[in-house]
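What follows is one structure encoded as structure tokens, with my remarks underneath.
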């Protein structure tokens, strides 16, 4: 059984494990005040090409989302998210548990635009309703699409005009930035969003998300929020060492590139087989639509999510590739799919 | 500079890192549904000698405390803790952030007893006050003391009589159970407390606390709470592998034994020097009282916390040992302290 | 300017004010432990024809909703509501502020049914999502429709099968129960729902909602929740006296009957003018669709809400009648509308 | 049985009830946007002699405290209060339920001073602890003492130096300002505190507290918080009318003056009987220490709180007077006490 179920099936890239071993017996300060975390933060600032940002390392995506949003919003303020947004449907009400409503917005491709947001602002006019304050976007999105630079510029301008916060969930930022269709650089982000994070967990780390706070007004006292939400690891070095390794050279991008390449291989070959896709996804998640019979056949050798029923005979499945996906397994999957289609 | 500052200065025990490496490329389910976590849970049930318990693996102590207490308490119910309790003074209001008051109780040795709790219950008589519902204890405590079996039996009986929940923070449970004064076995705990955890982070793991829920009424839907509080790691295997390694043989106890032995060495030798201690602590934290001049001298080579001012010339310092503390460093410290005392 | 804007424009029914005056100098216990509140609770139990219920008097609807839902739900549990539900759009995220998500369900007539709820339960399958636990319905609904007995029976059975709580917002329960289409008695409710409230504020009281908790499991410690949410009035007598007066004889129903009669008069006469309505509403709120020109004309003499744009030339307006609505004003409104239609 | 149990035993001053009756059939906007509330706010601004303040009318003290503190504080920020503070022991964890810790400070006379606060700030040094941000004081305090102007000036200066918010619970502000020892004017308060409220419930109103927000940074969006916490009454006129009546002429102060005069009569006469008091209280609450035998005797005709056991034979009782306390009842109480002392 080979899994295309997600991008966190394996452990960590070997050089990360090596770095953990090499540093293992050094004594370090706790709670993210160790040398590795400090160096990782400095290194990330170099890569982002900006010094005037605050960077905090957390364990996972839900933790990062809830800690950041709870810190950024006042009690009556709400987040807005595409209906596919991770915080809306896959985090067990983590944001609401901190007291904030999330306003769900239908968006065909999983991406928010000013034209989708305007009606929401128009409908929230007075104190009998929450005050929409933060736009939550994911890049890449939960359905594999990515934001282009001009789309983010439009969102940024819209936020400025309406005094809103723009927050980017970057659990899969690596894959987005390494997509063939991408025109964004990591260093573009501080000009475009108020805060974002760089996902390590789904791109080669054991755990780890690097939250980058760009807007000054959101920076104050953030470490208090980390501690309060249980996000400050005693052995914070575990996070620092991993991000150092990911960004020391080009590892972070190399890994994302590999994941994308594997997805591209699937996309190209499946297209040749006249298979349609639920969404246009130029990143490491693809959603081919296949017959239920084919699904049953594939499930004998592969695990993956059945994403959505399309009609009585067909469903979209989700195939996710990662830094660890093996090319021969992708090739074998394609072959097996061809065979399944013949019957 | 050698650190006696805490028990999370180093990484993980090498056999844990080896286990991570060996399993690194296996594909596993996410979110704690992997084989390693399942095996670790089974193994822990064997070690605790009880099958009818639920076990969940989390990253750290604050996270475990806040997730458990928020799950166990209704909105109007409060926790009670010794004034030295970690949740009261060192978790940035994490429990209050989930909506619950903690009632602080002065306790000289950091331990709660029925006689300290009775006045609290007596004082909380009606709906204008919170309803005291959960007793939070730490074993070993934040000031190094440990609970004896009969003390826990008294607390358990008190809880039964008063319909209270008894929760044990076991961030340093290893050191407590391996203390020379201890008369508790791990397998005694389910009969004594309603929930407790086995701390890995401070006893050889990178991260990891194993929460054991003993009382049936507290078990339902706990994984929802894990996810909601950001405590469910995508690569949950990271936790499972570590606990498997700690409990496969006797590693967990061996490591705690070493930490205690190093503390004992300090305690014995410092006593010989007529140094007094702030508290009686038979575990891996000791609190010797030394002159400020001696502190200054020691700080040239060692790092440690200055715990409390005792008089204008003396303070108690906290020395913490761990699985990684080196015996020669302890010996050197003692020697340096002797020399400092001469001047 | 005469207002059809809502049912809380005037003060209280005169007999309520008289009762306040008559009792004014009697000394009473505070916080709802006064004789009037006790008597009101006893009287309500008689009217509901059941002794085994708990009744608490609160000030207003939002307060009642948030206090009850926060008391009834555990942190990971969510409410479900029709998208028109008051808690979803007009209470500033009050429920979310207590930590709970509300799942919005499209329902054409503002009413929930098992067939609308099944897909929600089906979609919430595991701990990555909130656990749907409570069904919030309003009777009459926010768009004037009412629940029939068999509809509530179906919901009740669905709740039993799925271990759900059925909660009825009765801010306008008087109007619902006095509707010409109603087949429910007040005494039917405890068999049908787990908790509901009887709205006083919108039916002749100054302030006041009587929350009736029917299901035993929801009763415990409720007064703690009242106090914690700021809902326990020091001079609780203010609430007791009003409900005593409303239910001593038939005042509560007489007032609702009058409101409905005034709405019926509008409905019948507007229908004669071939005016269509946005919703079928047999209660004290109606939503006629008129041209923007007519609206402008009517606004010279009357205030009301413009509810929803229907097309570029027409909008639905909301007309609300109450215990205090004057028949001659209704007649005048109809006349003025006729005149406006001519032009 | 005559009650000295509290200052909310009776209804409202008759002129308030008259005002309710006179305005009863006028149609008004809901939710505090009515003419009465607007006028009351304007009138209060005149009385406070400042236009640049925001004033909101709420129902009760707990509601005001929780709504204000939750609005003013970020999640990691804590309030500080004297251990006798109402929010600490008599509001069922209402503040904690909004996520905030309250730091309890022992203060003999129920009043906070910079010298009591300095150690708290000194002890809260980093992100492992909450950030003390708001000073909660009550005037008069829960044990009857009052703040002098210079004491408030010192607190204000301390707040400025330490970037803290000074919040005054004025549930009994009337009694404080009318105390013989008082040197404060209502119009002094905006220069001294960042927010305070003027208690109506305990000084002649049915319900009602007027929250005055002085500091600009605390004003934004406050009505959202009112609605979110269930504090925005549909018939907000009920609050506006009462405060208009209390402040139209001098009624608010006249009523407080009467309450104080009754307490003064008790204080003077009891002193003559060589009765000692638990606290120096120049306001409408006094705490005489009497023998248990005397208490038993008095309880035959009077109700009051037994506040605190003093020794095995004596307890302090709390006697509270109000705008409605009758002078002949006070005289009778004194006489009965004299008789009880003889035996």
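Just so it is clear, A, B, C and D label the chains in written order, and each chain counts residues from 1 on its own.
Rule of thumb we're sticking to: a contact is a pair of C-beta atoms (placed from the backbone, for glycine too) under 8 Å apart; a residue touches a chain by one contact, two chains touch by 3 or more.
The shown structure was predicted, so the numbers you read here are calculated from the model rather than taken from an experiment.
Visitor: Considering chain A as a copy of chain D, what rotation angle in degrees (nearest 5) results from a C-alpha superposition of the former onto the latter?
Guide: With C-alpha atoms aligned, the rotation comes to 180 degrees.
Visitor: Would you kindly tell me how far, in whole Å, the mean C-alpha position of chain C lies from that of chain B?
Guide: Here the centre of chain C sits 50 Å away from the centre of chain B.
Visitor: Rounded to the nearest whole Å, what is the centre-to-centre distance of chain B and chain D, using the mean of the C-alpha atoms as each centre?
Guide: Once rounded, the distance between the two centres reads 43 Å.
Visitor: Residues of chain B that contact two or more other chains, please.
Guide: Expected reply: 75-76, 91-93, 97-99, 127-128, 130, 224, 227-228, 232.
Visitor: If each chain is a dot and touching chains are joined, what shape do you get: line, ring, star, complete or other?
Guide: Per interface graph, the chains form a complete graph.
Visitor: In the complex of these two chains, what residues of chain A are touching chain D?
Guide: 31, 70-71, 74-76, 98-99, 127-128, 130-131, 221, 223-228, 232
Visitor: In the complex formed with chain B, which residues of chain A make contact?
Guide: Interface residues on the chain A side: 2-3, 5-6, 8-12, 14, 17, 20-21, 23-30, 59-67, 91-94, 97, 201-202, 206-207, 224, 227-235, 237-238, 324.
Visitor: Over in the complex, which chain B residues touch chain D? Could you list them?
Guide: Chain B reaches chain D through residues 75-76, 78, 89-93, 96-101, 104, 127-130.
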